[in-house]
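Below you'll find a set of structures to go through.
Across the two complexes that follow, subunit A remains constant while its partner is subunit B and subsequently subunit C.
Here is the complex of A and B:
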C-alpha cells in the first residue's frame, strides 16, 4: 500500500468496498465511449488528487496494451463492420473502444481501492460478508503474482538450458510450450499443497465474522455509490 | 498432555502397487524430539501426512492400522487445528501474500484476534529473526526466509505436537542451529516434536531418538544419549557462520591465488526493488577448481550465480565468463559454456520421459534427435538411470528428479558448472556418487561453483570457499584455512 497524500476522511474499508462494488456495477451500464472516457478521466483525477497517479499508471499499462489489442482486433474482424475507412471497420472500432474503456475503468477503480488499502484490511473487511470470502480473495490474490513469478523462473531455467526464443510466431509458440507445461504442473502441485496447508493450519468456521458499525461518512460514501449507479442507469438508457 | 501411538500402520497410495508404509509401530511421549531419517521416497513424509490427517482427508489410498493420540484409546486420526503444528516438505508454497498475514492465518483459525494475535506474531517472528520481514511480500523473500515463515506458522499456535518435514533444508547453519535450540526448549516444556530429514547429521545431536526408514519400513531405532549436551552445542558446533565482515582476511591464502580464471566479477553491484542484493563484489573462479559459495540466507548467493548465466545483469561492475564480458552476450549463448542446476528441478522438467528430458538440452541446441537420445542413454548409464529412462520424471522421487535435471545439464558438456543448493533435494548416498563424478569432471578440466549451506559438502569437496554476507564478499580462501578461521571466530 502506498502512502496517500490526502486521507480518505477515515472511511471504513467496508463502506469503500460496497461503494466500489456499486461503481463497478455502474460501469456495466455505461454504453457510450464518451461517458466511459469521462469516467476514466474522473478516476484518474481522483487518483492524482490522492497522489496515486504514477503507481496507478504503472499498473494500468498492461491493460492499456490489452485494450489496444482489443480495439485493433474488433476494427479488423468484427462481423458487424459495415462502414470502412480503408480496411478499418467503424462499428468494430466503436465496439472495441467501448469494451477497452470499460475494462480500463473496472481495473482503474479496483486498483485505486487496492492502492489505498492494505490487502490485509480488505480481506478482513470482506469477512464481514462471510469469513470464507476474505480468505478466498486472499488466496486468489496471492496466487496471481506467484504464477507470474513462476513463468519468469521457468523461462529463465529453460533459457539457461539453451532455449532460444525465435522471432517467428511458431518458434515463440514452441518456446512457450516448454515454459507452460512446467507452470501448469507446478500450479497443480501448488494447489494440492495449498489445500494441505489450509488443512494443517486449521482452516475452519472459528474464523471471526467481522462486525462493522457504519458512521455518518460511511453511509454518505455508500449513498454516493448508489448515486453513481443510478446516474449510469439513467445514461445507459 | 498429548502423546502419539502408532500400531501396524500401513498405507498404499491410490493406484500404487507397493505400500508406502509397511506396518509401522512406534510411540512418542511428551518431552521427546524424534528424528526420522531415510532417503527420499522411504516413507517419512507419508508418515507425517498420516499423522497430520492429510491422509486420508486429502490424499486417497488404502490406510490400515491405528493412530492414537492423547489418553483417548479410541482409534482415530489426530484432529487438525491447534493440536498440531505442521511444516510441509515444500516450504516455498504459501497461502497469503504478506508474512504477517501468513503467520496470522493459523491464529485466526483458532479464534485468536486483536492484540493477542499481534503479540503472538511479534513473539514468534522475533524468535525466528522475522521481525523486520513482517510487512514483506513472501514472494520477495529468499528460500531460507520463506522456510522460516513456514516454521513460524507451525509454531504460532503453540500446539503440543509439532511435525516438521525437512525444516532446515533451506536454512543456513546459524539459522538451523537457532531453530534446533528453540525446538529443544519447546521439548523441555513438554512438546512432542517429530523431525523428518533426509540428511540427519545436523539434527542428530539435538534429538532424543532416531528412527530410520527404508522402503516404507522402520528398520532401526536408536535411543541415544547425546555425546554433547545441547547447552554445549554452541561451542562445539563448527558450522555456524560468524561475522567475518569486520575481520582482516588479507592473510588468507588463495584469495588472490588465481591461475586462469574462468568466471570473474569486478565491482559487481545489483539491487532488487527491496534494495537488497549485491554490493561491490570482486571474485574470480579458477579453471579446474571447485569453489563453494556459502553464506547466510538472503546473503546474495543465488543472485551472484545468476549473473554468470546472464539471467541477471549488473547495475554496476562487470561480469566475465572465460575472459569475455557478458554485458552483450545473450543467455542462450552463455549457456553453451555455463551449465546451471537450479534448486528446484520441477521448474524445468516438462518432457514425458526421463530420456527425453535428459536429451532436451541437446535438442534445444539443434542436435539431431537420434544423436541426442544416444548421448542421453550413455550419460544416464553413468548415473544408473538406465532403468528409469521410460518413466515420467514426475513419477520419480525428488532426489532422482534432481539427478535427471543435473544430467540434462551435464549432457551439453559445459566448461563451467554451477550447482545451486544440490543437497536440498539429493540424498546423501546419491550426492556422494554425484560429487565423485564431478571431481572427475574437475580433473578433466571442468570448473564447478557450488552454492550451499552444507558445510560438510564444502569442506569435503571444495578447493576454495567464498563467504557472502549481506550482499558483500566477506571472505575467500582455501577451504581448510577459511573454515578454521570461521571456527576460531565462532569460539571467541
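Here is the complex of A and C:
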C-alpha cells in the first residue's frame, strides 16, 4: 500500500479536474476576507500535508507580489475610499485585500493540481475530450523547446550581424521584429513538414467509444468538491 | 492533408504566441505581442480555427506556467474571430485591413478583458499600464472605466503592430499557404 501522503497522486486526473473546477467555482462565492483567508490556510495545509508546500510557495511568490500591488494601489487611489487612516483608504484596503486573497486562492488550488499532475499527463487526459485536442497540445509540447532554441539562435545570429536592442521602446520593437520574423517563417515551414509527416504516417483522429472508470476514491473527491461548493454557498457572505 | 495542416498550423500558432510573448518580455517591450500566432492562424485557416488557436494558447500557458491566463483565453479567441472574419471578407494583404483589425481589436479586446482583469486583479496588471490606471482612479473615475481606458493605448499599439507583422508575413508566403488571406474573390 502506498503511503497516505501519496494518495492525492493516485486519484484519477479527471476526478481531480472536476473537483478543482468545483472548488474554483466555490471561491467565486466567497466575498469576505475572513472566509478567503481560511480557504488559503486550508489549501496551504493540504499542500504541506502532501509535501508540496515549498514548490507551491515558490510558484506563489509572483502572485503574492501582485497581490501586494493590488492592495497598495486600491488603498491609495480607490474611488470608493471614504474613511482614511492618514492617507490609507479603508474601503480600498478591504476591496484590495479581498481581490488579492481571491486571486491567491485561485492560483493556489490550480497550482496544487498542476504540481500533482505533470503537464504531459494533463494533455494526455485532454485528448479524452477529443483526440485532435491532445494531438494539437502534444505537438505544442514537442515544438516549443525547439522553437525556444531557435529563438536563442536567431537572437544571437542577429546580434552578431549588428542588432542592438536599444534603450527606447521603438528601438526594442524594431529588434523584436528582426528576431520574430525569421522565427515565424521557420515555424510555418516546420508546420508544413509536420503536416506531411502526419499524412504519410496515416494519422487518423477517429473517436473511439469512451467510458469513465472512476473508483470509490475518485467519487469521494468529486463529492468533496461539491461539499466545498455548498459550504461556500452557505457561508460565503 | 488539409486537416493535418490545420492541426499543425494551430499548434504552430500557439507556439508563435508563446514565443512572441517571451521575446517581448526578454526585450522589455511594454506591450503583450502574444497574439501574432492567433492572427496568423485566423488569416490562413479562418475565424473558427483562429479562435481555437487563441483559446488553446491561453489554456496551454495556463496549464504550463500561469493559471490566471486561462480566463483571458476568451480575449484571444475573439481576436481570432475578428481577424478571421475580416480576412475572409477583405483578404489580409492590403494595408487597410490590418489597420481596421488593429483599431477594432484595440476596443474589443479591452471590452472583454477588462471585466476579467477587474474581477481577478482589481484592474492591476503589474506592468507600466498600472501608472495610467492609478492616475485615472485618482482623478475620480470608476474602477472599470479606469481599467478599460488605461488598456486602450497599449492594445492599439499591440494589435496594430501584430496585424501589420502578420500582413507582411502573409504577403511573402507562397500561394498554397495563403489560405483565406487572399480575399473572397481570389480564395478557393
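Everything that follows uses one rule, which is that the second predicted complex is superposed on the first by the 145 of 237 C-alpha atoms of A that agree within 3 Å, B and C clash if a C-alpha of one lies under 4 Å from a C-alpha of the other, contacts with A are read in each partner's own complex, and residues count from 1 in each chain.
Note that in this section contacts are C-beta pairs under 8 Å (C-beta built on N, C-alpha and C of every residue); 3 or more make two chains touch, one makes a residue touch a chain.
Since the model is a prediction, treat every value here as computed from it, not as a measurement.
Once the two complexes are laid over each other on the shared chain, residue contacts for A:225 go to neither subunit B nor subunit C. Of the two partner chains, subunit B is the only one touched by A:178; subunit C is not. In the superposition on chain A, contact of A:202 is made with subunit B only, not with subunit C. Counting the residues of subunit A that each partner touches, subunit B and subunit C differ, and the larger count belongs to C. When both complexes are overlaid on chain A, the residue A:14 reaches neither subunit B nor subunit C. Of the two partner chains placed by the overlay, only subunit B lies in contact with A:149; subunit C stays clear of it. Looking at the shared chain after the overlay, A:194 reaches both subunit B and subunit C. Of the two partner chains, subunit B is the only one touched by A:159; subunit C is not.
Within subunit A, the residues touching subunit B in one complex and subunit C in the other are 119, 123, 139, 181, 185, 190, 192, 194-196, 198-199, 203. Considering their complex, residues 63, 65-66, 69-70, 73-74, 76-79, 95-96, 99-100, 102-103, 106-107, 110-111, 114, 119, 122-123, 132-133, 135-137, 139-140, 143-144, 147-148, 151, 155, 165, 169, 172-173, 175-177, 179-181, 183-185, 187-188, 190-192, 194-196, 198-199, 203, 205 of subunit A touch subunit C.
Of all residues in subunit C, those touching subunit A in their complex are 1, 3-5, 7-12, 14-16, 18-20, 22-24, 26-30, 33, 36, 40, 56, 60, 62-64, 67-68, 119-122, 124, 126, 130, 133-134, 137-138, 140-143, 161, 165, 168-169, 172-173, 177.
Subunit B meets subunit A in the complex at residues 49, 52-54, 57-58, 80-82, 84, 86, 88, 90, 93-98, 100-101, 104-106, 108-111, 113, 137-139, 153, 157, 306, 309, 311, 331-332, 335-336, 340, 342, 346-350, 360-361, 364-365, 394, 408-409, 412.
Within the complex formed with subunit B, the subunit A residues making contact are 119-120, 123, 138-139, 141-142, 145-146, 149-150, 153-154, 156-164, 178, 181-182, 185-186, 189-190, 192-204, 206-208.
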